[in-house]
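Two complexes are shown next, each including subunit A; its partner changes from subunit B in the first to subunit C in the second.
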Partner chain A sequence: MSHYEVKAGPEAFLPPAAASMGNVLPDPGEAHIGGKIVPEEEAYEKAARMVLGAKVPTIFPGPLVLWKWNDHVAEEAKAIRELALEAPMRIIPMADYRPKYPKINQEVEINPNHPNLTIWHNKIDVCIFFGVHCHMANLSLKMIRGGTNCYTIAMCAMAGDEDACLSFRDADLKMINKLKATIKKLKSEGVESQAEPFTQFVMGRSGTIVAPA
Partner chain B sequence: MSKEKIVLCEDLADVMPPEYHELVESATFGNQDRGWKDIGSSKELIEQHSLCAGCPESIAFRYILASLPTPEDTVFVGSTGCTSLVFPHVAVHNIHSLFGNQNAVASGLKRTLKSRFPDVEKDVVVLAGDGATVDIGLDMTMQSWFRQEKFTTICFDNELYANTGGQESGLMQKGFVAKMAPKGKNFEKVRLAEIAREAGCAYVAVLTVSKPNRVEQAIKNAVLVAREVGPTFVQLYTPCILEIGKQSMEGLDEMKDAESIGGRFVQKEYITDEAQKLLDSIKEETKARKQAAKKPVNA
Partner chain C sequence: MNKQVELKNKRVIASNHVKLGQKNQKGQTYTDINDIFYKAKQTPNFLTGSEVIRAAIKVASVGTSVAYPITPQSEAAALIGELYAEGYVDEYFRGESEFAVMGQCAGAAFGGHRVFTTTAGPGTLRAMENFPMWAGARLPIQVCVTCRGINSPLSIQPDTLEMYYLLETGMLIWHAETAQDLFDFILKGFIVAEQPDVHVPIAVCCDGFFVTHTKDTVDLPPDDLCLTPYDPYRNPQPVMDMETAPIRMMRDPFIMKSNYISYATHASWQQEVKAAVERSRKHTIPLLDGLIDEENTDREILIVGSGTAVSQAREAIRLLEEEGIKAGLVKIKTIRPFPYEEVRQATKNAKHIFVPEFNLAGWLAREIKANIPDNERVYVGPHVAGGMTMPSEVIVEEIKKHLGMEVATRGTLG
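After this line comes the complex of A and B, so read on.
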């Protein structure tokens, strides 16, 4: 079967599942870039460069890291926040998988049933998924690839996500910190972040406390 | 999931939309006396619903979710129908099964949860429409009762297949003419409550959802009896106002008419002696607990 390259879209209204095109998942210690299996180190470098080169890099933390299932998850949440500050990157939560009517507020949240709305609205060109369950990540990543030009990076805690443009596997606290360290190293070598200036929004019980800007 | 886990990670809490803060701060997880009276003063476990305006099913959902003894340790099993449109908006674990096999899925789930969490009481509640419960899924429904599977089955009885345009169902009343049943039904409404009793259900209740306190009591009884004694069944009349030619505001009147003397849904309960004994002891315990809570503490 020919190699199918998973790249940023817009690809088509219904892009094929990468697995159906013959793409396989990386083994432990490996990752994939565009569907090609590479050593994990190479993927850190590529992911860090993509983040630094983006105008609106954004992290989408999912329910597995937003809710305090245990103390380890709380540490991961802290590391996500530190990664966002280091890059810098926006954080927009995928708080829920439930469809929301009439529609989500795409400035401050992303929903897996129509992730393109958030990407279009905020003009996000690189995103990182962390803590999103596999089936919802698959759904979202395909939709993003289908209808937007956003480059997707999946930090998957399981076996990797073949529908992302770049995917790590077995993602944990160490790997978040490693990506942060790689970004820091590249910056120290003179690679500058191309991110547009922004204000991270803050939400509270009554709604938006600090609006995104 | 236990209620201790319904907590946001501190470092990302400030990016979470307000409804999740509300869920953590003012939902009634862990409240032994949670019930329908919490509606309006606490965070409900249903965010929105996608049913028609005025649909009695939506109010039934709200009462049921408010009445579950331990929603954090409850798993719903749903089936195809109007109810399946609501489950995506509910903050309780739920599984959508194939049309009709909800009680078979629930049987496996209950047994697995019992084996996986032997020290925690995990409740399984089937919630399906009359088509799934009585017509397409009657085999699975009854077999689970024969096997004495310890979970609750709730049937939202709207007396027809509502979301496919009004076809005749087993629970439709005799003679009723629906959009897709123009000649009128030739047979009597299936007496599911009596079938449930004879099939081995320890607690059976039939009622409308016009009175929230009654719904709360029936749901609590059913879940608590299912934990200890055996299968339970609750049949709730949730009329489809569109398919019976009513307006959005007329659902409540329809239910009140149906539960009045001589109506199809006069409230009734079948309780085995063992289940009754259990319910009496729970009632006594609750009473004692509330009285103890009222007593002033001597310094």
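After this line comes the complex of A and C, so read on.
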């Protein structure tokens, strides 16, 4: 029985899908770290430590949480922002999945078709996917693992993403808040954020960067 | 595999669909698949395979079914038309061709319906371009393939060659041996294919005529229960935004539209579809009680097969036992995902492995040979094709010949 460890890359020109290497997704109440199934509690601790230990920790909120298609999502979006402020982490949105013409603005957006560009440009060493459809998340996560050294964390609302270095499943508002609480607890125990100073940008409705209100 | 998928309790994660427990317009109660198969009383019925397809679709909460006549699935397609007339299927119509049918199925699936169709032989080949399109678009459409010959001169008789062509389409491919398998696979197939981590199309294959047009006893759950409907909110990707109708999607796939797009995206996309097929194991193993069935696999002679070849092999084993020759059996239920580890384990003691198939290509034998160590143990055959039956005596004869045993001489003319 082989165990394929899902680690931060750069792994290969074309890294394999972890599922094709035999990795199995967690059941409810579980998560995976590096492909190994662990109790969810263990994953919060690991994720929080990775975020605090990173120089450029970043949240990539996807369209499922960026667009207010129900009130519940708006609550999650707010919680994501609070999580980012608590850590602190940058927020770089993945607003949709279409490729960007003529080229992506790497400082302020990420796209699943070439996620490596945003990660390289901003030197992102730890990231969290939230609100990205599973198919598009796995698509990106493999490419990130292939060509960058970024440690990937997926907070998946469905069954989890085995192509992330760490993945939760059934992610919801409660879980975002729990991750935030875990980060807060570690900080109160003396674990300091290693994040480089940055200014969180704010985008207006036209997509341009505006000064925070 | 880093975590064994357990058979304990034989359950998949229960449905939490909002309609669970409610009644549909026909008074059927939306019920979790676990309860349909493991709690509800099963009653024996004597049905043809085509009637079994009808019975399955009656309780499958199918939104759309598109039909096109091609033997031997025509009867099943017509019977689904009856279900539409009775109000058990929301939408039903006849397509212009098999290619059109599969495109129309895609449209219905993009729109959020549970979709079922049937095809066979040349129809499967004519529709072929659509199958990897379905898989790439992560559409969990179910097609029941009632296998028949595909080549000229025309044959309407059973032949499993078309399954060879389906192997790398990105679909789940299950192969039913009996009418009971067919019923179970159709209902369970929807549930597995629609899991958000799987969400790819499924081909439930059976051997035309041998299964579709013969009568068999099949245990059925009460038809006042039905599957919970497809839940489009559990789709792992949004409906593709192509500016125009879904049927145009392959003309302007957005990852090929620009020089700025990484080819790695397309590669990763293909990997993701294959990964989805592999993920289906977790849901399939408890529902089908494993990807393979094993009988006496500690024996030196083993027959490995799928579909009705398994039934013939079972009888061949009985005939061999009468002569004091002991053989074991492996029945492969899922061709995709292929049960690599299971087959390796089941064949580890065998010295001679026979793979009877209803096609001349020997695709199952190739899969097995590519997968197990010491593959010179695999004897590719016996084969029949073009609608020939495979008498159990032929399997016996082939095994004895290969083992250097005396075989009774066939009758000669004059």
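Simple rule for what comes next: the second predicted complex is superposed on the first by the 203 of 213 C-alpha atoms of A that agree within 3 Å, B and C clash if a C-alpha of one lies under 4 Å from a C-alpha of the other, contacts with A are read in each partner's own complex, and residues count from 1 in each chain.
Keep in mind that, in the parts below, contacts are C-beta pairs under 8 Å (C-beta built on N, C-alpha and C of every residue); 3 or more make two chains touch, one makes a residue touch a chain.
Here the structure is a predicted model, which means the values were calculated and not measured.
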| item | value |
| --- | --- |
| Subunit A as common anchor, with subunit B and subunit C clashing or fitting | clash |
| Subunit B versus subunit C as contact partner of A:78, first or second or both or neither | first |
| Touched partner set for A:12, first subunit B, second subunit C, both or neither | neither |
| When both partners are placed on the shared chain, which of subunit B and subunit C touches more of subunit A | C |
| First (subunit B), second (subunit C), both or neither touched by A:159 | second |
| Which of subunit B and subunit C A:136 touches, first, second, both or neither | second |
| A:4 touches, of subunit B and subunit C: first, second, both or neither? | second |
| Touched partner set for A:100, first subunit B, second subunit C, both or neither | both |
| Clash with subunit C, by subunit B stretch, listed 23-31, 59-67, 95-103 or 239-247 | 95-103 |
| Footprint overlap on subunit A, comparing subunit B with subunit C | 96, 98-101 |
| Parts of subunit C lying in touch with subunit A, wherever the complex brings them together | 1-3, 5, 13, 138, 195-197, 199, 234-238, 241, 254-255, 257-258, 260-262, 264-265, 267-269, 271-272, 274-276, 278-279, 281-282 |
| Contact footprint of subunit B on subunit A as seen in their complex | 61, 65-69, 73-74, 76-78, 80-81, 91-93, 95-96, 98-101, 105, 108-109, 200-207, 209 |
| Subunit A residues within the subunit C interface of the complex | 1-4, 14, 16-20, 22-25, 27-28, 35-37, 63, 96-103, 112-114, 116, 133-136, 138-140, 142-143, 146-147, 158-160, 162-163 |
| Footprint of subunit A on subunit B - complex, ascending | 5-12, 14-18, 20-22, 25, 47-48, 50, 88-89 |
